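What follows is a structure written as C-alpha cells; I'll ask about it next.
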Amino acid sequence: MTTELFFQYLFAGITYGIMYAIVGIGFNIIYNTTGIINFAQGEFVMLGGMISISLLQVVPLPVAIAGAVVITMLVGALIEIVFIRWLDNPSVLRMIIITIGLSILIREVALHIWGESIRSLPYFYGNEITTIAIGPARISPQVLWVIGVCGVVVAGLSLFFKATPLGREMRACSANRTAAILCGINTRNMVTFSFMLSAGIGALAGCVMSPITYTQYDSGTALAIKGFTVAILGGLGNSMGAVAAGILLGIIEAYSVSVVPLAFQDAISITILLIILFVRPHGLFGSSEAARLKEF
Amino acid sequence: MLELQSVSKRFGGLRAVDDVSFQVREGVIKAVIGPNGAGKTTLFNLIAGNLTPTSGQILFQGREIQGMKPHRIAALGMSRTFQNINLFHGMTALESVMVGRHVRSRAGFFAGMFHLPSTWREEREIREKSMELLEMLDIAEYADMEATSLAFGQQRAVEMARALATEPKLLLLDEPAAGLNIYETAEVARLITRIRDMGITVLLVEHDMSLVMDISDEIVVLSFGQKIAEDVPSAIQQNPEVIKIYLGEDEEVGA
Amino acid sequence: MRRSKFLPIAGIVILVVLVQILTTTTGTQYYLTQLTMAAYYGLVIIGLSVLMGYAGQISIGHAGFFAIGGYIGAALTTHNLLAMQDSGMVQWLGRLGVLMAGQDLYGEQLLVVSPWAACIAAVSVAALIAFVLGIPVLKLKGHYLAMATLGFGTIIYRIVLASEYFGEADGISEVPGFTILPALGGLGGLTVSGSFDHRVENYYIAWAMLIIGLVLLLNLIDSRVGRALRAIHGSEEAAEAMGIDTARFKLNVFVLSAVYAALAGVFLTHYNGGIGPSEASVMKSVRYVALVAVGGMANLWGTLIMGVVLTFLSLRGIFGSYDDAVFGAILILVMLFAPDGILSLNLKALLARGKRKSTDLEGR
Amino acid sequence: MLKIRNLDAGYGKLRVLKNISLHVDAGEIVTMIGANGAGKTTLLSTIIGLVRPMAGEIEFRSWDCWKLSSQDIVAAGCVLVPEGRQVFATMTVEENLILGGYVLQKKEGKAAVLRELEYQYELFPVLRERRNQLAGTLSGGEQQMLAMGRALMSRPRLVMMDEPSTGLAPLVVRDIFRVIVRLRDEGNTVLLVEQNARAALSIADRGYVLETGKIILQGPAEDLLANRDVQRAYLGREKIE
Amino acid sequence: GEIKVGAIFAVTGPASFLGAPEARSAQMVVDEINARGGINGDKIDLIIKDSGASPEKAISFAKQLIEEEKVLAVIGPSTSGETMKIKMIAEQGKTPLISCGAAEVIVNPVASYVFKTPQKDSFAVKKIYGEMKKMGISKIAVVAGNTGFGKAGKAQLLKIAPEFGIKVVAAEVYDKKATDLSALVAKLMSNKEIQAVVNWSIVPAQAIIAKNMRQAGWDVPLFQSHGFGNIKYVKAAGAAAEGIIFPAGRLLVAESLPDSDPQKALLLKYKKDYESKYKEEASTFGGHAYDAMTILAAAIEKGGKDRARVRDAIENLKNFPGTGGVFSFSPEDHNGLGMDSFVMLTVKDGKFVLYEGK
C-alpha cells in the first residue's frame, strides 16, 4: 500500500469514525442519567439536519444551525416530558421499547413533513469539490468541521460528567435513582435535561454532517445503529471511549475495503467488533467492575 | 468436609483474603467473624465459586473446588445465602424455593417440552418439598407473593428455604440474622441448630454475637483478610486481640 | 393447574377451525392467506418470548435466524445442480436421496435438493450457528448483549445482501412448494406452497405448527427448566448458586428459539415462494422484540396474540402508509399504559391506575 | 418537627399502615420498634415521599408533606438512611458523599460541602481509606457507613435511619449509636428504626411500638424499657442467653 | 361502472424515493382519466398498497388485490425483488402485472401476464459502452448500489463489456444507505488502469460517489445509469455533478427535444401536470408508473373489463408514446422499448442537457 493510499484510507476512516462517535456520545448522555439507551438518538440527528435545512430558507446558516439545535432540544425535552417523565418506575426494557416506538414515530412524522427526498445543507466552506491537502491525502474541509465539533463536544462532555456537580448528579440518577432522590436531587429534571443535551448534540451533529452524508427522513436509523455499536464498544457511558471506538470502527471499515469487497464491509467490521467484545465484554474502556454492579 | 489451604484473594493491591487456612469438620456449626471489610464475604465467594482465589486450595469433601463454576460446586452439595439479599425478581416465594430443588431433580428441555409422565411425579415432589420448607421457616402464608416484595426478614427466610431446598451437605450463611430483632434472631438460632441436627454442616458469618456465641461450635476470626484466631466460642470471647479489634471492651456482649 | 393450561389451547384450536369454516362458507377464504403468514411469524415471536421474557436474554438478531432458515431452504431448493451433475459432491448427494429432479415453470430441467433435506439442513445450520454464537454472546449482559445480537443480525443481513448465491438485493424467487406428505392412495398430500388451491391446507399446516410450538413452550416454561430460566432472569448469581448451569441453559434456550425462527423461515419461504433481504434486516429483528414486549414479555399467550394480530393487520395493509407509524404508536401506548403487555390491560390498568407500585427500593 | 396524623399508606391495594399518628420533636431521638413486616420501612418511605399516603396528614416543620416531592422534603432537611444501603454502586465513595451534600451545596456552596466531607471522614475513617473505590465493591458494613455518611452530608434537621446497625461489627454498632447520640447532642433530631430494641431504647428519648401497621404502644424510652409487654416481645434477650 | 386497478408501490420505507413519486404519478393519471369521465364510461378505482419495499408484504398484497379485490390489473411493484416474488402469483391468478422494476428477469423469461415499463438495463449499458468506445476508454471500474437496480445493472455491465472490447477491472457494491464512499474511491483510484467509472444506482449515494471522486481529485469520466434521472441528485452533488454522463429517457430534456419527437408533447404534459400538482420536480421514476398506468388505460379501452383481453391488448400495443420511450410490445417482448428509448445526457451548470460527445 502506498503512503498516499494509506493516508487516504486513514482519513476516510476517521471521517466515518467521528460521525459514529458523535452519535454514540448522544447515547451516552442519556445512558449516564437514566441507564437506558435512547434508540431515538438517530432521529435527533435527522431532525437537526432537516430543521436547519428548512430554516436556511429564511435565515443565514449559523442562525439556522443554532435554531435547529434549539428546536431539537425542545423536541427532546417535550418527548421526555410527555413520554418518560411521569412513569413511576420504568424497567430498562420498557424504556427501550418506548424509545424505539418514538424513533419510528418521529421518522414517520418527518416523512410527512419533509417527504422522502434527500436534502442537505451547503458546505460550510467551499463547495462539493473543494479539498484540502493534508500530507499526501486530500479531504473535504467539511470533515475538519465534523472533527472539530466532535472534539469540542467530547472534551466538553467528559469534563462535564467527570468534574462538574451537575454531571455527577446526572450520573447518580442512573446509578441508583432512589438514592438520588434521597439525596434531594430532582431526578426528573435531570432526565429532562439529559434528553435536551443529547438532542442538542445530536442535532448539531446532524447539521455538520448533513453536507457530507445528506439528510433523509430515515437517515437516523443507520446512524443510530452505528452509534449504538460504538457506544457499546467504547464502554457505555464513556464519551472518550465512544470516540476511540468510533475511530477504530471507522478505520477498520476503511481499511477493510482494501482487502474485501465493499459489500462485505459491514459484515467484516462487525465481526471484528464482536470478537473484541467477546474479549472485553464491557467494551474497550468500560470497567468490568462497574458493569457487574449494573442491572442492565 | 471443607478445608482451606492458604487461600488468598487480591483485588488490585488490596489483600481481601490473605493466606487463610482452616477446616470445617462435618456436622459442626462454624462461624466466621471479624470487623467490617475483613474479607468474610469474599471468603464465602471464594468457597462458593463466585470468585477464584489468587492462590491456595479449597477442598470440599476431599475434592479441589477452587476455580470451579458455582453451579458445579452447588451440585456437589454446597449451598449459600447472600449478604445482600439476592432473590429472583418476578418469582413467588414458593417458586423461588422450588428453584432450589434444581440440583435434586432431573427433567431437561426435552422432558419439559413434551411434559413426559416422568416429570409429573418429580414436579409434585418438588412442590411438596418446597412447601414443607416454607412451613418450616414459617413463611407458608407468603408462598404466592412475589418474593422481592416481602419485608426484609421474610426475604431472608425465603433465601434460607431456597438454600435448604438443595439438600446441601454444607450450608454457607452470610449474616442470616441481619435485620432481625432478638426474637427472630433466637428463632434463626434455633433453626440453624436444627439444620445442623439434620446433618448439614453450617458455616456462617454473623455480627450478632448472641447468635454466634450461642450456637457455633467453633469460630474463626478474620481481620484485614488474615486469620487471627480460631477456637471455641468461650475462648474467643476471652481473646484480648479479638476483643480489641472486634468485640469491644464492654463486658456485655452484643449490647 | 393443568386444566387452566389446556382450556385455552382447546379454545384456540376451535377458533382456528371456526375461522376456516366461516371464511369458506362466506367465500372469504382470502383472509386465510395473511392468517397463514401471520402464524409463521407468530412462531418466531413465541420462540423469542421464551428467550427474552423467561430467560431474560434479549436478542435483536432473530430475523437473522429466520433468514438463515428461509434463505438456506430457498437456495437449496432453487439452485439448479444440473450443471454440476457430474461432480462428486452432487453424485454423493444423489445417492443419499436428498436430490429431486423436476421442471421449472418455464419448462427447464432442474435438479435441486429436496425440500425435506433442505429444511433439515437449514434448521441444523441455524441451530449450529446459534450454538457457536451463543457460547461467547450469552456471556454478555444487557445492552452489550443487545448490541452483539444486533451485530449478528447485521452480519447475516450483509451476507445475504452481498452474496450472489442468495440473490443479493432481489433475494430468491420461484421457490417450489414443500411437499411434507406425499399424496397416498385416495388421500391428498400436504404441500406448503402459496398457490391458490393449497390455501386451506396451508392455513392448517401453519396453525398446527404454531399451536404445537406453543404447547411445547407452555410445557417447557411450566417445568423444572422453565423455572430455572426464570430464575436466571431474576438473578443469575443466585441461580448459579442454586446449581443451575446458567451458561448451558441460556445457550439451550437460545438455540431453541433460533430453531423456532429458522423453522418459521423455511416454511414461510416455501409458502411465499421466495424470500428477500428485508427479512433479515435489523428493523425486522426490532419488530420481533417489540412484539414480544407488547405482548407482555413473559406471557406466551400475550405475545402470541399481539404477534399474530399485529402482523395480520400489517400484512393486510389496513394502515396503508401509516403502518409503521401505527406500530410505533402501539408500542408507545402499550408500554406507557400496560407495561406488562396488552393482556394485563383490562385487569390492572382499568382498576387502579396511578396507584401502581411505587418506586421499589431495589431501584430498577 | 414532624407530626403525623391518622396516616394510611401501602402498595397498590395493599394497606400496610393503618391510622398511624406520631410526632417527633426537635432535639429528640425517637425510636420505632416492631417485628418484621410491621411496616417500619413503609412508614419512613411515606414520610420521605417515596410512597404516597392514602389518607392522613404528614407535617414536617409545618410544611405539608402531601404537597411536597421527595426532593423538596430532603431539601427541607429531612433525610433517610435507607434499608439495604442504596449506595451509588457504580460511583466512588467520595462521589457518593459529595452527592449526599447536594442540598447543602445548593444552600451554602461548595466550601461547606468540603468541610462536611472532612467531618464525615473523621466520623468514619474507613471511608477515607476507600475514598476512590467504587461503592458497590465495599463490604457490607462499609456500605452501611457510607450510606449514613452520605445522609449526614446534607446537615439535616431530621435524620431517619432504617436499621443502621444491620450487618455491622459489634464495635462499630457501638460507634454508630454513639454517633446518633452525638447528633442529638449537636441539636439534630433522629427518628430511629432498629431491630436492636434494647440499644435503641437505651439511647432514645421516646419510642413507639409498631405491630402489623398499627402503633400499639408509645411513651418515654425508659417506660418502654420497663414495660413487660415490650420486654417480652422485644427485649427478652436474657431468657435466650 | 367501476374498474378496479391495483397498485403496489414502496411509498414508504427504503425505496420510498421510487414508490412515492410512482404512487403520485399513477394517482394523477387516474384522477385525470376519471375527470374525463373514465374509460368507456367506467371510472377507475385505483387501490394503492404500500409495500414498504418488503417482499412479504408485496406477496400478501398481490394475493389480496387479485383474489379479494378482484382487480383487473396490477401496476407496480417499485422494485425488481418484489416483482420477482409476485411474478408467479400474477401468472397463476391470470392478472396483468405491469411492473416498475428494472431487472430484465422480470420479462425474460416471459411470463404471459407480466410486463414492465422501465427501459432494459442492457440498452442503457450498450449506450454507455458505445459512448466509451468513442472516447477510447477500455478499462473501467463498475460500482453499484446494493438494490435490485444496482444488482441487475452490474450483471449487465459485466456481461456486455466483452462485446465492446471493454475490460471491467474492478467491480464493487456499496450499501444503499452509504453516507461516504471516500475509502472506496481511494481504493479505485489506486488502480491506475482505470479510465472511467460507471456507477449504477438509484440511491443518494450516487451523488456521494461523485463528490468523493472529485474531492479526492480524481477526474476520470464518471458515467451513471438512468437511475441518475432525478434532478434532486444533481442538486445534491452540486458542483461535483458537472460532466457526469448517463443514458436516460427523454423526460429530463423534454424542452430541448425537437418538436417532431413523438414523445415531446406527452413529456411536457407529464412534467407540467406533475410539477404543478405536487410542487416537486418530476423524475423518471414517477414516469415509469405514469407509463404503466397509461398503457393499462389504453389496453382497457381496447380490451374492456376482462383480464385476459386486457393482457392481449397490452401485448398488441404498438408505437405507444410514454415517458420512458415509445412502447411496442410483442409476445416475446414484454418491455416494448428499444435502444432508442435512451439518449445520452450530461450535467451542465446544474441542469440536464443532451450529451454531444467531447
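The letters A, B, C, D and E name the chains in turn, as written, and every chain counts its residues from 1.
One rule holds for everything that comes next: contacts are C-beta pairs under 8 Å (C-beta built on N, C-alpha and C of every residue); 3 or more make two chains touch, one makes a residue touch a chain.
Chain labels with UniProt names: A, C = Branched-chain amino acid ABC transporter permease; B, D = ABC transporter ATP-binding protein.
Here the structure is a predicted model, which means the values were calculated and not measured.
Here the chain-to-chain distance from chain B to chain E, counted in touching steps, is 2.
Set against the Cα centre of chain A, the chain with the most distant centre is B. Centroids of chain B and chain C (each the mean of its C-alpha atoms) stand 43 Å apart. Between the CA-based centres of chain C and chain E the separation comes to 35 Å, rounded to the whole angstrom. Centres computed as Cα averages put chain A at a distance of 46 Å from chain B. Within chain A, the positions touching two or more other chains are listed as 108, 176, 178-179, 181, 261, 263, 265-266, 294. Contacts with at least two other chains are made by residues 149 of chain B. Taken residue by residue, chain D touches two or more other chains at 11, 41, 50, 82-84, 86, 137, whereas all remaining positions touch fewer. Here chain C touches chain E in the complex through residues 28, 30, 33-34, 37, 105-106, 161-162, 167-171, 173-174, 194-196, 268, 272-279, 314-317, 320-321, 323-324, going by the rule given at the top.
Contact residues of chain B toward chain D in the complex are 11, 33-41, 83-85, 149-154, 175, 178-184, 186, 189, 207, 209-210, 214, 245-248, 250, 253-255. Chain C contributes residues 216-217, 219-220, 222-228, 230-231, 233-235, 237-247, 252, 256, 298, 360, 362 to its touches with chain B in the complex.
On chain E, the positions that touch chain A within their shared complex are 12-14, 16-17, 20, 146, 172-175, 177, 179-180, 182-184, 186-187, 189-190, 204, 207-208, 211, 214-217, 232-233, 236-240, 280.
Listing the residues of chain E that touch chain C in their complex gives 11-14, 48-50, 52-57, 59-61, 63-64, 67-68, 79-82, 84-85, 87-89, 91-93, 103, 109, 111, 146-148, 150-152, 173.
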